[in-house]
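The structure is given below, and queries will be raised subsequently.
All chains are identified by letter, namely A, B, C and D, in their written order; residue positions are counted from 1 within each chain.
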Amino acid sequence: MISGDAIDSPIPVSVGVIGATEYTGIQLVRLLLNHPQLQIGYLGDRDHLDKQLGDLYPFLEIDLDLPLAPIDADAIAEHCQIVFLTLPDGEAQTLVPTLRERQLKVIDLSADYRFSSLERYQSYYEGDRSDYDLLSQVVYGLPELYRSAISRSSLVGCAGSYPTASLLAIAPLIKQGLVQPESLIIDAKCGTSVGGNQPKPHLLYVEAADSIAPYSVTRHRHTPEIEQICSDLAGHDIVVQFIPHRVPVVRGLLSTVYANMRDPGLVREDLLTIYSAFYRNSPWIRVLSNGLCPQTRWAMGSNLCYLGIEVDPRTGRVVVMAAIDNLMKGAVGQAVQCCNIMMGWDERLGLPSKSLYP
Amino acid sequence: MISGDAIDSPIPVSVGVIGATEYTGIQLVRLLLNHPQLQIGYLGDRDHLDKQLGDLYPFLEIDLDLPLAPIDADAIAEHCQIVFLTLPDGEAQTLVPTLRERQLKVIDLSADYRFSSLERYQSYYEGDRSDYDLLSQVVYGLPELYRSAISRSSLVGCAGSYPTASLLAIAPLIKQGLVQPESLIIDAKCGTSVGGNQPKPHLLYVEAADSIAPYSVTRHRHTPEIEQICSDLAGHDIVVQFIPHRVPVVRGLLSTVYANMRDPGLVREDLLTIYSAFYRNSPWIRVLSNGLCPQTRWAMGSNLCYLGIEVDPRTGRVVVMAAIDNLMKGAVGQAVQCCNIMMGWDERLGLPSKSLYP
Amino acid sequence: MISGDAIDSPIPVSVGVIGATEYTGIQLVRLLLNHPQLQIGYLGDRDHLDKQLGDLYPFLEIDLDLPLAPIDADAIAEHCQIVFLTLPDGEAQTLVPTLRERQLKVIDLSADYRFSSLERYQSYYEGDRSDYDLLSQVVYGLPELYRSAISRSSLVGCAGSYPTASLLAIAPLIKQGLVQPESLIIDAKCGTSVGGNQPKPHLLYVEAADSIAPYSVTRHRHTPEIEQICSDLAGHDIVVQFIPHRVPVVRGLLSTVYANMRDPGLVREDLLTIYSAFYRNSPWIRVLSNGLCPQTRWAMGSNLCYLGIEVDPRTGRVVVMAAIDNLMKGAVGQAVQCCNIMMGWDERLGLPSKSLYP
Amino acid sequence: MISGDAIDSPIPVSVGVIGATEYTGIQLVRLLLNHPQLQIGYLGDRDHLDKQLGDLYPFLEIDLDLPLAPIDADAIAEHCQIVFLTLPDGEAQTLVPTLRERQLKVIDLSADYRFSSLERYQSYYEGDRSDYDLLSQVVYGLPELYRSAISRSSLVGCAGSYPTASLLAIAPLIKQGLVQPESLIIDAKCGTSVGGNQPKPHLLYVEAADSIAPYSVTRHRHTPEIEQICSDLAGHDIVVQFIPHRVPVVRGLLSTVYANMRDPGLVREDLLTIYSAFYRNSPWIRVLSNGLCPQTRWAMGSNLCYLGIEVDPRTGRVVVMAAIDNLMKGAVGQAVQCCNIMMGWDERLGLPSKSLYP
């Protein structure tokens, strides 16, 4: 039986979802419909204007009488207090300045507001930007590391899927100075939903099934994002090795992180103690204490991140494995978690913890 | 935002799950933990005695302090008012007589109590039975067809997964006398979880992946079950053709039903009207009205059944497609739905309607 | 050890593949490179002109020094004696008249030359055609049924994938008058490669995985093709019910065929005898004699068609299951088989019989 | 058209396959049936005695009249000159001493004869052994590294699947002294066929599908094997980090190898030159020269190993990716390649180079 905690909030907060027909937008709308404190007040999209999302995707069980509307800042501001942006990289930056002028809280799921340094952003992303001043206000949307700043922020750039799993695995190591930062290697594997819902040849079932495929080796855009946060945690610049691989699952992302320990005398129990303490107040983190390795299936459909930790005394390395659902903790689940924190609510509100198994 | 319907039930009802470590048992426990009116009071199993289910499957997020206990009728009766049995075929029949003597309500998910005729049962299942008298009390656990009887029953034999999808597709046709019963053909396809969690060679990933495999052609045990209910609906004996196929999905079952129409002048709109009326009070049925064909993915993780209907004027046939999640509407979701009805509650209570997509 | 049958053909025959970068084209080129009597003389394509196929797909191990050239009838005629066309439906008809004028043998894999009746073609396919006279020369490229006509033909329209499996299951039934033709129902299931290599949303891994999806119910374009051949075999018009389903495999197609027997006294052994006799001289057919049901995996990568036959005395029906690889026996393997027959060679020449297992 | 190289060998060599009903045994038998110089003279197995393999697996198209016979050294010696052993780890060691006494050439696919040091073997494998003296004769069956020794050997212990891909990626780096050996990290991913055909719960479709699962982290038995060969190549002891992951593909293994370069000035072109030279005489290696990353699908069904090489100037690391089919180059393809070399034949003999695509 679920606990009957009464929620004393008769007045729900109105939110907008801009980019509502992307995979992330759809998933977000479904989460919001189950949120006890939030109410959808605006669905913005470039296509399908005036149509109902529930008519476009009748199988989604979206019971909402709200037509898709243009991406217009004034109209959004009129209907919402908080806006979630699930647009392709490069589009949020043209909209957010106006939304912020109208005092809306903004939670962006693209790469546009993940970087405090324009230089770092431009080393991997193209295009000029005129919203420099906003970058100083940006908070990186990874609650386990920036909970306090998120709670005070009005503009959050949600962490990418690969960075989320990777940084949750790495953070205690760097924060406690346990490893040699230059030894950090992240070997990541992800399902095909990481590629979005645009039909591209390599994302066809016929191409993606039955294969294991590394891609963007040494050049992936999530690299500077991971490095920015690692550097911030360490207090000095850190360069990491990050390599993603595509595997035939729909949802699921595993980061396997390798690092040389500074103190080769540390054993797994030590690390477990450190990780458990580090994430003591993080309800979405599960540190596996019994030698289990996390599987991505365990997180499928939930906002959880499972962490498995091994120490190899032969090599002096620590190996940390982080498993998440790339669409949930790696995208919209995290966005809702950030929203909960910005509003001063329990960060578990409206988010699923039970995965689908089997 | 979810609606804040207050539930006026301070006292939850205690239930038992016997066979708690089967796939169905695990899935059922997870559903029950989210049920607002039910509370798990007993977890029975043959193995893993005294262990916690949450320790055996730490990734299931089962927050329940209740050790696995022996399958003992007295102990069960002491702790429960209702018992769900998720045991292999043939085992419930040794336990249920005692449970009924102790006035427990029983919801059995095996084949043991699906048949009112011992003869029909024994034509496909082996073994002698001494619980003849109980068979007259049995109600077939398919709420859309036997809602009223279930509400008065204390012993429900839940419909099998193939029969559930097949009968939901067929029932309006037979009940309204729309088709020639002897023309009924059911071509069904199901994911590998239909085979349970016992490791058998043909259920290995290596064997089941990349293949489409018919099996038990003309001899499957779900045939007499489908025929029993069709006959009951028609008021005379009906024989059907039923052929199952195994395909590489985890969850998901599609029944494609073919039948010759008595009146070749009927068009799809007529059938849609008939089906919509037939299932007007069935909240778990979705009759697709816009020419869409149902996909099993749409039901993955929910208790819904999607029905697509086509009429082929060239052949004079109606084709009805029913898509369900074989573990939910095809098993434990349906069991909880039956329980809700037996208790006089809203049959949606505690059951998910949103599937996982993508 | 493979047998050392000497092949007395010092002079290979030069063939062209037009549409070489389609999935079927690529697969065909790879087959031809292993063919002992054929030599590729022309690779035609609309895109990638002047490039080498082996450079476009370096992982295909295509060792061939022949740039992609325009689809030009004169150039093709200059280099080839036989032409395989693997173009989208509707394109072959603009090219074939010229090729035939130049006396080339043509094997078309599209729907353009599968129909002897323009009326039947136009009932499911759009567009006017000016090549009426060619239709009278066309032979339907399903060797097990039209071997003799193919051997004398210069223009073969290869059978589609669904019709191939379906007709091989049905033909003995109709030809021997064993069933009531109006009772024929074909429930077919196929992997996603049947959709080709154009990126379409429903063919994305994320959409096609984990689902069973009927489509084009009562309206699929392979229906008139199946009906044409059934009618030809029967000597009178036959209408069939054909419904395809998409399942998450890459290659593999299973047709489950249902029909009412004229003589309800027939048993499986009778049918096995009839099928074995019918396909006695067909080296690519395997009639399963031991009660096995065919799986599509068994045919994956080979040109074989597996047939399983069941008789249900309870319903008076025969159920025949046909499993093929839709890209091999359902497309290019069959095209090469037709070519072998047109040239008077052993129809097994250059074709694989061993599938990939596991 | 395939080239008509005449093979001047009228007398085939007779070989035995012991463990013929394992996945590897079955796959091996199928390869051998296509081998121009080998002939199967004995099929040994513990089960199914006196049965025909082609009857047990009718879909394998094994055209061989040879019943399964007991695993008896004398009987084997009577019928064979060469013996392939595809038995579980620990069983070959009880048979091989007798086979060697009878002068048979032995190619073992288990772990039993991969180690020249009993100590290293026993650090990861259990059990006493009395065949110490044989270990000094053993040659490690990875032809690209030990071609010459294999050609002179009569007892080859074929490399495991993970070691094969990993060592082919690593060997040029160590042999040329390009990297710091202690920095070697191998992150490997493999399909479920690596687990064999014994039904184990975690290999069920329902468990293995839709998930990415690391396992045996820091403790996998292939670690000492990789270290033995790395040490041999380097001339001093090397310890590596090796972590395997299971992903939902049937066949396919990818090793991603990371290492710090000694000379940070090296660029990818340098490495490509070195790798191309290193594998100049290795017909089964494809060094990808155009910035492509290898996918496992490219090798599915063939004996090829694809190598992709990247240099990251930011981190000073080289990343090498090796993709193979774990059942072919990772098992029986390699065994046949070793056999070819032992017999002085072209090492390509009887082995497929074309994968199945799509």
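Observations, loosely collected:
Keep this in mind: a contact is a pair of C-beta atoms (placed from the backbone, for glycine too) under 8 Å apart; a residue touches a chain by one contact, two chains touch by 3 or more.
What you see is a predicted model; the values in this text were computed from it and never measured.
The fewest steps needed to get from chain A to chain D, moving only between touching chains, is 1.
Seen from the Cα centre of chain C, the chain whose own Cα centre is farthest off is A. For the pair chain B and chain D, the distance between C-alpha centroids works out to 47 Å. Distance between chain centres (mean CA atoms), chain C to chain D: 37 Å. Chain B and chain C have Cα centroids separated by 40 Å.
Shown for chain D are the residues that touch two or more other chains, namely 23, 191, 193, 197, 206-207, 209-210, 248, 250-251, 294-295, 300, 358.
Residues of chain A that touch chain C in their complex: 23, 191-193, 195, 197, 199-201, 203-210, 248, 250. Within the complex, the chain C residues that touch chain D are 1-2, 4, 12, 23, 26-27, 30, 32-39, 57-61, 193, 197, 210, 250-251, 288, 290, 292, 294-295, 298, 300-302, 304, 306, 327, 353-358. Within the complex, the chain B residues that touch chain C are 182, 185, 187, 189, 191, 206-207, 209-215, 217-218, 239-241, 243, 245, 247-254, 256, 258, 293-297, 300, 308, 310-312, 314-315, 317, 319, 321, 323, 358.
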